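The letters A, B, C, D, E and F name the chains in turn, as written, and every chain counts its residues from 1.
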């Protein structure tokens, strides 16, 4: 049954991902990121200064904004976040997650007193928009850093790690990777993991909707997520390569 | 000199326009509209009801939202409209214009008690974003109406007119059509015209920045705009045809 | 039929206008402006500095606020704009129009680093409040400039043009000038024109509610509006003269 | 010394008051109220229903809004309350006071399920704006009740009391009535009293700025205020009489 | 009858008061103040600077915030002030009262350029929360000043007066002191008095709900309130003494 | 070194916890919860209806609000959340967490169409305020359910699980349980776990500030947290027993 919703996709495999670097031409780095029916426009904008509260510390800053297109769902147009109502708690929560995740990918001292703002505009949503924003956002950041390198504003690499994110959950009694909306809305538990290519954990958020989850199931979901993040890191790397950017040249040596 | 900024484009010719119907798959109608460096995602969402204040009148409603992507400009990321500040007066003014313009294209009685909301997300801006939103929005609306027709929710045509919009202004002492940002920012006067394919006027907004404009210049700019609207109507019609939609089948007979 | 609503007033004539200069004593310039049943209190306040974003450029600034009294209509008290709801889009649109219109009347370089804020409080409304605000606001500005001249803060004239505004529209199938509310609410089209005494155009805003308007009708409405602006300029000049201010002494030489 | 600021006015006398009934023609009752340099436009609007939370109780409601014109002071334009900042605490406090004061003048059961909203727009301010709003507001309410009586919507009188308000304070060591701004800004204590023509107290608000005030001084200020309220009641009565309204015909019998 | 609601308490006696100094350990001064069923947590926070608009004048500042716990009443949880609705007018009015009352207790010049902010969180409410906030707030301020004295930041006393507050009103036809909610909700009139230990008046606020109140009743209520303030001053003094603080050492000499 | 900050407390032991049931008397259930220097007032309010969007489904609802007292920190008063700035993203995030955590403890069908709102007011903060809110909030909910049982509004138990929460992190290179602020602010990683007495996981949130964390460290922190949750469940059970409530009588049978 779960296979049908997944269109035959194995339980430990992420959805087909398409990454179009440079879709947005005015920002320093951008991708149109598509994972199944979830489409996110990620742009990375460089600003040669930091927020007032960070000035004079010699460190850079990375932050994110996330916005759902009012018709990102197949059923009915929703109100635009921030209009006729304050910015939603869910939106703020996701923005903070994206910001922390991508901030941890960089060495902020090496970045110097400049900011990177990642805008994640979800054009179409079919589950997994926050993890798509992080995985796509990483590529946009890498492209923006490449631009800084090309223009000689950055000489040394500042990327500490390659970072991606994915979700895992329960579908029809089975643990599975990267759920689409139809799967997710029946899921008993939802786990989002942000990790590095090497499998070290940056952020983990798991919520049992309804019943609590045994520790063993929880551990298995982390395994699945780390497996999926490995798959996504390969796609990120390939997309950058096609855009002429060798990821290793941007990564700091260990 | 003005020729350089226009890249050799004649003074009475609109910028090259590219229309990609169906770019956004979840909405009933959509286009990615590109006029030179101005890129707008226009979606039309159908809702089978009207706002509370219109209920029971047997008439439909059309409205629009307009949002600038925070990095829609080449220089620096701006704050997202509606965050950390109220929705700007300029944004509200443009939304009202788009709504009026596309509302006037339809016979609201014939549409019946349903709403069409057009979302115009300016992804990249190089001048003329409000007129691009109207011209692209019209195609999105036509596609949504075609969908209603295909699903037999509408039997009779409800489009009264084909509608497009363009600007005219002064560049380096000469009157010219469809100014890009570099031209517009030095313009003494800015005129936006919304009109039908036949050249009847729906909306006209002209502002002299600085000195007042002689009546004769003003009339000449209206001529130019109506010429440009003719050019744009041909592009709209072709884009719809390529998407398999014959515009005349959606238009009411005169 | 249209004659009755107009009380016998010819189609090319503005409503009777009464201007009371100095009604508000604390502001540098003020008028109580009455055009038929539309009453607007216009005050011009001088501030010997400019907004932060304009400092150091040696130029002045002119801006406007517009507010409808909650009982400006004969039927029912409305909520006060800005209370229990954000400032409306219509209000912001009108404020921007008034600001642009009166800003264009002055040479901002000559004004020097000072601001003029025009407050237009509509006490009673019977159509044409935005054009009344501009026509009355011009007189308030002229009185404030006269005060600056009297106190020797300004030596040279800074007024480039005499400016007024009026609307034109359709009533019962005929084109007519300066519609009151009863006429306007049945109008197919509404055109607002701001122009100089010489007939040069500063701003033009025309909207067809419902059907599009033939170009010839549109041109005829501009003719009517320029005729009406001539009439209003004579009233402005007379009101200033009665207040002891010779308008020509405030106008820059051509 | 205090005599100079008061222009020779005795310490136990209110400022010269001018009341122009019917200044605002669209509301059911209105006055332009002038007490010295303090000018308030008071309108009373009748609505034939009550707020949702009062429906079905068979009682009426009276409420007030108060707004300072941005240039109500001689020195500098202030921001308009409710724009670019939330409605101020002082404004809300005054509105609640005016509402309570005028509500207590009516028998709400007899008024029936209808609302009276009093809008007090302070056009020019020279101290005592809240008491002017109450004293002027009472006349506007009386005129609106007279209108209800004329149109036979009310048959029995609903006014319980004639109500007015005034302030008292210290000026240069002496207790005095109805201080203007120059006096008030140096006052050690400010007392506002709302009372009936017979001298019964509706509301009393006294604040010592700085040092506490001996009980005997406080009692003397109440005496002065009740004396002033008697003077104002005579002016209210005369203004109504001139407008053709005999106050006693609106007052309930004791 | 009124005796029952008051539980046998005489008409000229305040409710039993319990003051727990130091309940909140992080603030410079605090009390948990209980008067019958009204419980208020008062904290006084010292900040070694003043608001921007007061800088450089060599004077200190005292201000207050007041917040009702959403379940401060026995019946039903209310919305938290400031969430899903703007801060209420009643809250702002009370905050301003508390601030003025406690500000007047200090010599702001002697305090020097530092601020004291008193937070009054009403945990449970049974009438008289604003007067409890003032009476409890005074003790919190005294404790904070004692801390400044202990740390040698203040050498001279800065307290001008001992300050407390209480209400008086009508219950079942009799005048009475310090009404609880059940008494107050039937009261015809509500008087709040802030005064010094010596009986000088700082603030007085009296409102007749419904009928106006004869001057003699009003005077009698002031008598009662001053009597109650004497009682409360003794409780304040005792609570400070138990906390090891001799109030007289903090008071300026007369 | 880490021992000093922890005051000798072992790395796998929670801070001393004190629970005072019934501290707030007006709410259906309440505790003053103290874990070291973190003090939270938790109240549970029962409302015999559900939000509009849940009506008619026969299910109950549980939600939470969280507010930091402005002086919950030892250094300086902060602005009150929701005043002069919108409600913070962190606050909203924590509220949603508390709500989900305690909602999962109940069988909402069995609860019936009633709501429980948990207010968590952090009076003093020394790290771990969100987990303290959950652990204390659970006891407040249990007390409120006991009240429903006593008043026969609930006959069957509705609690599915005993729930508590705690954090784990790195201090000076060692993994440790329940960090206070001084420890937490130097922590490389922060993990919050909500779990049942049996060790099943309800929510897990882990964030690496700075470097990513190896999977093995992460697993060890989950172990520590589940150990701590066991300790806290014993304290909850004892506090309820002292208040005369046997927890097992409120728990559904497995």
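Operating definition for what follows: contacts are C-beta pairs under 8 Å (C-beta built on N, C-alpha and C of every residue); 3 or more make two chains touch, one makes a residue touch a chain.
Remember, it's a predicted structure, so these values are computed and weren't measured experimentally.
Following the contact convention of this document, no chain is adjacent to both subunit C and subunit D. Contact tally for A-F versus A-B: the pair with more C-beta pairs in contact is A-F. Between C-D and the choices A-F, B-C or E-F, the pair with more than half the same contact pairs by residue number is E-F. Averaging Cα atoms per chain gives one point for each, and the point farthest from that of subunit E is the centre of B. The distance from the centre of subunit A to the centre of subunit B, with each centre set as the mean of the Cα atoms, comes to 33 Å. Averaged C-alpha coordinates give centres for subunit D and subunit E that are 29 Å from one another.
With centres defined as mean CA coordinates, subunit F is found 53 Å away from subunit D.
Multi-chain contact residues of subunit C (touching two or more other chains) are listed as 87. Judged by the touch criterion defined above, the protein chains form a single closed ring in which each chain touches exactly two others. Per the touch definition, subunit F reaches subunit A in the complex via residues 86-87, 89-90, 92-93, 95-96, 100, 104, 160-161, 195-196, 198-215, 218-219, 222, 226.
Those residues of subunit F that touch subunit E in the shared complex are 24-27, 37, 41, 43, 45, 47, 65, 67, 69-74, 76-77, 80, 82-83, 87, 117, 119, 121, 123-124.
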